[in-house]
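Alright, structures below, take your time with them.
Next come two complexes, and both contain chain A; in the first it sits with chain B, in the second with chain C.
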Partner chain A sequence: MEAVSLTIDGVPVTVEKGRTVLQAAIEAGVRVPYYCYHPGLDIDGSCRVCIVKIEKMPKLQTSCSTVCSEGMVVSTTDPEVADARAAVFEFLLINHPLDCPVCDKGGECPLQDFSYSFGPDESRMDFPRRVFDGEGVMADVDFGPTLMLNRNRCILCTRCIRFMREIDGDAQISVADRGNGSEIATFDEEGVHSLLSGNLMDVCPVGAITTRDYRFKSRPWDNPAVADTVCTMCSKGCHTSVWLKGKPEWARGSKLVRITPRLAPEINGYWMCDIGRFGYHWVEGERRLVRPIVRGADGAQAAAGWHDALRTVGMLLGAAREGGSGALRFVVSAHAATEEMFVLKGLMEALGEAAAATVHWQRSEKDQPAAVKFTIPVTDAPNVNGARDLGYAVGAGNDGVPDLSALQQAVNAGSVKAVYVVDPGPAGSIGDLSWLAAARTAGRPAVLIVQAVESSPLTDAADVVLPGSAWLEKDGLFTNDQGRVQGASRALAPPGDARDDWSILVDVAHALGVTLGYAQAGDVRKAIAEALPGGPYADVDQVTFARPVKASHWLRTSNPSERWKWDFMFQDLPPVKGHSVQTEQGYVDGRVLPLRPVG
Partner chain B sequence: MSVSFQPLLTRFVREPGSATLDFYRARDLGYEALRKAVTTLQPGEVIEQVKASGLRGRGGAGFPTGMKWQFVLKDSPKPKYICCNADESEPGTFKDHLLMERNPHLVIEGCAIACYAIGAKVAYIYIRGEFYHVQRILEREIEAAYRAGFLGTNIFGTGFDCDVYVHRGAGAYEAGEETALIESLEGKRAQPRIKPPFPAVSGLYNCPTAVNNVETLCNVPLVIAHGPEWYAAIGPEKNSGPKLYCVSGHVNTPGVFEAPMSVTLKELIFGCAGGMRDGRTLKAVIPGGSSTPVLLPDQIDIPASFDAIAKAGSMLGSAAIIALDDTTCMVWMAKNLLAFYRHESCGKCTPCREGADWLYKLLARIEAGEGRMADIDLLLDVSRNIGGKTLCPFGDAAIAPVVSTIRHFRGEYEAHVREGRCTVPAGWRGRGTAVMAH
Partner chain C sequence: MSFHPQMDYAPARFHRSARRLADQGEPFAFTPERQAAFDRSVARYPADRRRSAILAALYLVQEQQGYVSRQAMRFVATQVACTPAEVEDVVTYYVMYYRRPVGTYVLAVCRTLSCALNGAERVTEALAEALGVEPGGTDATGTFTLTEFECLGACDRAPVVMVNNEHWQERLTPDRVPRFLEDLRARGLAALGGCLHAGAEPGDRAS
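Up next is the complex of A and B:
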């Protein structure tokens, strides 16, 4: 790295050559406000709030567009800078509606925060504000299926335009009209239609673009805790943060309110797709299985305790295991964590040739522009590579097509006595198993056991249903399509009697007389590390999983470009029942395995 | 007072058929400068001659043309481009219009020589959206130049290829800013880019580009045809060559006048343009288009050159001299110009987008007699917050009428506030809405 040394506000700073003054200031923790700059997008230089004074330059310079040079002397606090900067804030707020109390961004709004820090005390503007079609929320328009747009709040930083042009690869947003009448617009008011649309809310520095999902749902100070985890909706493995809403008076504890991307330069950058961002509602949905279900002698399903359910499973599987080679079949969703697959593998080895397993998942081609910079893989499951590493047959490459035809033939031929489905993903994510439900109803196989998280036609047909945990409710390892082993962390408690999937499998093994000897998830990871030495799994027993932390702390330690501006938020919030908010000292910054080069 | 100068650029513009190639070959330079450049000079020598001539850009900034060409990256593997800035939109300016309409081959020859000098094969003439008929003339004459072998491939058998295209904009003032012009040529909104990189390094399609005004390029064939020493001898030092002046306002005979830059503003107004109409008194002069500060009558006995007008506190700009007589309310004038600027602000950067509108509203309030004394200082303060803090020079242009009229005519502003009406005897002026340029 070629380095450049400069002075910012008297503090010597050394940065990589080619960095801009603004980036150097951010790295050095010097406060410089900005709107049009975003670390993931091209430089625009249009908002003008990042102006600084640089010695030997005749005019004030925008720090976002000025590249650091050796010996540069920069001031961000010179009275000339402070005046000019305050003037830009005065300009920015001329037409901004200041409807912060009803704005979704209020409390986490850079315009609000920076204006308090750098803006003038009051505006000298005494003319009516420009409104596009009425004051306040009346100016809201639909902005595609996922977003809403409030043009009155927009400060024309054009981050959304650049995101669509540079990252999405389909420049759906543009500015219409010009000058003071400029407004963000899409062709024929069609709105944004993209699988990356949610990122527009992230990049918008004001409340102009909001997601329909999060709109009016919470305020930042009602989201006291955040957990860093990894998305499991496809094989990309984007780093995400899960925001938990909770109030002291809520007996139930906190609730999931949104998922946002977390910087991971080599995986997802600053972005995530809408599938992962908005596809979390099933986790706290009505269809979650909260108690084991056993089909009684009368043929009807009834809730049961774990003891009875496991005993029934042991009985049914124990009979099937005597049915000869391949009589007991496991179908495992590629949504299962590596720990679960590993435990299942141990069980199968103990059962011998009677048992066989097939991994299955869904694939879907994503409709994305040819020039897109953030591609969503076709594999809709997080752990196909983990399954392969453990020795399951999943085909080669990242785009393998799962195949259940052999199992289906065996089931039709009647050689399969029992099928055990391990499905910790949302309903349907394991693929189309309606044929299996129909086959069980027809009596072949005689036994169907489903370990799942959501009720579905498959669980309706099952003899025993064992409620497992969704990915946000357990610590688990997933190997993404780059071969990175990543830890997805537990952010919530599983509902009702639902349990960690690996421990269910250990108990099922026990019911079959197989003792695997794992008392906790760490034991499983240790065994994985021993079983797969030398490779990416060699130190999986060392993974520290993140826990929900105070949002204030999270905000300061997350995206380094954003970190300082949150200082005044989230102070003195009362503790929330239901999860323990850890102290900053107690939080080890080891949320996932360190990134390693692939291959 | 009269100016005796044999026009070089506009000598034949009033003769019928002056736009045709036959006329140009028979009476004017007739592409002999291009022939001389490509057959006897190396590209570097062309640049050296233009530098030696002291030719400065005629678009407004007065940057030395030869130096601009020298900055174009020679060693870049990318293609280079010449953009001819024909987006003449500055209020009061109408010289390029005349050149393109009446002497298009001089423009085309200038484009071709410029291409040869910087190693470009393509020149784009970016013409203002409203100049529809001029575009048709240019395209017709470019076609004629192709047929005669002055454009196209292997010009004069030297292997030099040059294509000239006319691109008509959609009619935005901001498209005259060189990087906004480039953006518009690329099919985007006419909004300026941040500099650096300058167009000479990364311009059209991110390739090295020189953007030159129409009049600038028209001067280039003169330099080549007659030599840099001959050219440099015209007019004062460092302000060489013939210059077109657009004199308008309350004068008897407004029009385009060609003169060396030793001519004074006074000669232009009272000589060339026939003095003030109805024998009225001169009140103020805008010397270089609406974005230059006004000068007072006692300041105009100076040469209309880049340096002399800059010394007087204004700018030669595009040499659009607007003479204002004593019926002009300066508050109204500033409001009228700000109506133009707020309409034409591209909206990209904050101070200009928000500030121009604010200035207009303040001026409209004062002009309507509803202003407050504090509004006058507020105008100055808002102007200060725009000036020098915008992405492109538009912000500086927009505040010039406000700041300079308050500086020289603060009494008129105060009278508006105090009396609630205009005190200037200007019965001809309606109280209607401000003139919107387009």
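Up next is the complex of A and C:
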């Protein structure tokens, strides 16, 4: 790396050659405001607020578009700079409505923060503001299926245009008209139709682009906790952050309010897709299974306790394992974490040749432009490679099409006595198993046990349903399409009586008389590390899982290039009364049932 | 009292933008001669820089159609390998591209400093009154379209009016407006004074 040394506000700074003055200032922790600059996008230089004074240069320079050179002497605090910067802020606020109290960005808005820090004390603008589509919230217009646009709030930084052009590869947004009439627009008001549209809300530095999913749902100060985790909706494994609303336990509505991407340069960069961003509602949805269900002697399903359910499972599976080779079949969703697959593998080894397992998952082609820079894999499951590494047969691998036809033939032939489905993903994510539900209803196989998180036709047909945990409710290892082993962290508690899936499998093993000896998830990871030495799993017992942390802490530590500007936020927030988010200090996992003999 | 009861937050109630959209127009394609002309201008640029020919393509559209319709924007997008939004960006930026049909004569009154000081606004008002249109509009007969432009570079002979992007009438004052329109109707572009030279008219200061 060729280095360049310069001085910013009297502080000597050394940066890589080719970095801009703004990037050097951010790295050095010097406070320079910016809007049009985004570390993941091209440099534009249109917002003008990052101006600095550089010695020997005749005029003030935009630091985002000035490349560092040896011996530069930069000032960001010179009175000339401060005055010019304040003047730019005055211009930015000529037409910007003061609807911060109803604006979704309020509280996490760089325009608010920077105006307070660098702008003039008061406005001299006493004439009416330019208005595009209406006043206040009614100015919000459709901007595609996921977004709303408020043109009055826009400061024309063109980050959204550059995102669509550079990352999405389909420039659907442009600036229509010119001068004072300039506005962000899509052709024919068609709106943005892209699987990456949610990122436009992230890049928008004001409240002009908001998502329909998050709008009016929460405010930044209502989200006191953030948990860093990994998305499991496809095999890419994007790093994400889960925002939890602080509210009393008895209050209605969900706790999970949004998911945003977290910088991971080699996986997802600054971005994530809409499937992961907006597809989380099932986690706190109405269809979650919260109690074990057992089909009684009368043929009707009824809620049961864990003890009864596990005893029934032990009885049913115990009878099936006597049915000969391949009589007991496991179908594992590739949404299962590596721990769960490993425990199941231990169980199958103990059961011998009576048991066999098949991994299955859902695939879907994503409609993305040819020039897209952020591709979404066809595999809608996070852990196909994890299953492969544990020795499960996964057909053609991560990108291949999973195959259940052998199992289906065996079921039709009647050689399968019992099928046990491990499905901790949303309903349908394991692929099409409607044939299995129909087969159970027809009596072959005689036993269907489903360990799932959402009710579905499959759970309706099952003899025993065991409620597991969604990925946000457990610590789990997932191996993405690049073969990276990543830890997805727990952000919420599982609902009702639902439990960690690995511990359910341990108890099922126990009900069958197999003692696996895992008391906590760490034990399983240690066993994985011992079983798969030398590879990417060699140190999985050392993986640390994040816990929900205070949002202010998260904001300061997350994205290094955006870090300092959050320093002013969340300073004096009152505590939310009675909110029950478990933070690192108060987190207790009391949900693992003690191992005890069954029956 | 509940929080702002008039405010309905349901997405179904949010309205579409009221931004006025130009008409879609008929499905558009270049005539063979214009397609050949376009191919010649595209050939001047590298193969992966077709979009450099966008201005030329839009001028050809305007030559053929008189204005640039939405359909034509879509057509140009396919021709220069970019998105319709990017074409719209260009069309709406340059005032010499018209987004709706215009009259036979497009009168562009300069409104920048020198002309403004010399009463260009009064000229616009007089033209608007005589034609019965607002600036930006086309009169009932479809003969005249009145617009305002920024500096046309004839500051010493202000106020100036440009006709059809290529012809000028200089020193147009409000009282000369009725006769100017009459002449234009009667004699066409030949009625225009064209570029005056310094001293060509009494009162001009010899340079």
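By definition in this document, the second predicted complex is superposed on the first by the 561 of 599 C-alpha atoms of A that agree within 3 Å, B and C clash if a C-alpha of one lies under 4 Å from a C-alpha of the other, contacts with A are read in each partner's own complex, and residues count from 1 in each chain.
We take it that a residue touches a chain if its C-beta (ideal position, glycine included) is under 8 Å from a C-beta of that chain, and two chains touch if they have at least 3 such contacts.
On a predicted model such as this, the values are computed, not experimentally measured, just so you know.
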| item | value |
| --- | --- |
| Superposed partners chain B and chain C on chain A - clash or fit | clash |
| Touching partner for A:156 - first (chain B), second (chain C), both, neither | first |
| First, second, both or neither for A:188, with chain B first and chain C second | second |
| Which superposed partner A:514 touches (first chain B, second chain C, both, neither) | neither |
| Touching partner for A:132 - first (chain B), second (chain C), both, neither | second |
| Which of chain B and chain C A:141 touches, first, second, both or neither | second |
| First (chain B), second (chain C), both or neither touched by A:175 | both |
| Touching partner for A:91 - first (chain B), second (chain C), both, neither | first |
| Partner chain in contact with A:315 - chain B first, chain C second, else both or neither | neither |
| Shared chain A surface residues [contacts with chain B and with chain C] | 174-175, 177-178 |
| Chain B residues touching chain A - in the complex, by the definition given at the top | 172, 174, 189, 194, 342-351, 353-358, 361, 378, 381, 385, 388-391 |
| Of chain A, residues touching chain B in the complex | 43-49, 51, 59-60, 62, 65, 84, 87-88, 90-92, 94-95, 124-125, 127, 130, 155-156, 158, 174-175, 177-182 |
| Chain C-facing residues of chain A, complex | 132-134, 137-138, 140-142, 148-149, 151, 170-178, 183, 185-189, 212, 215-216 |
| List of chain C residues in touch with chain A within their complex | 7, 9, 11, 14-19, 21, 70, 73, 82-89, 92-93, 95 |
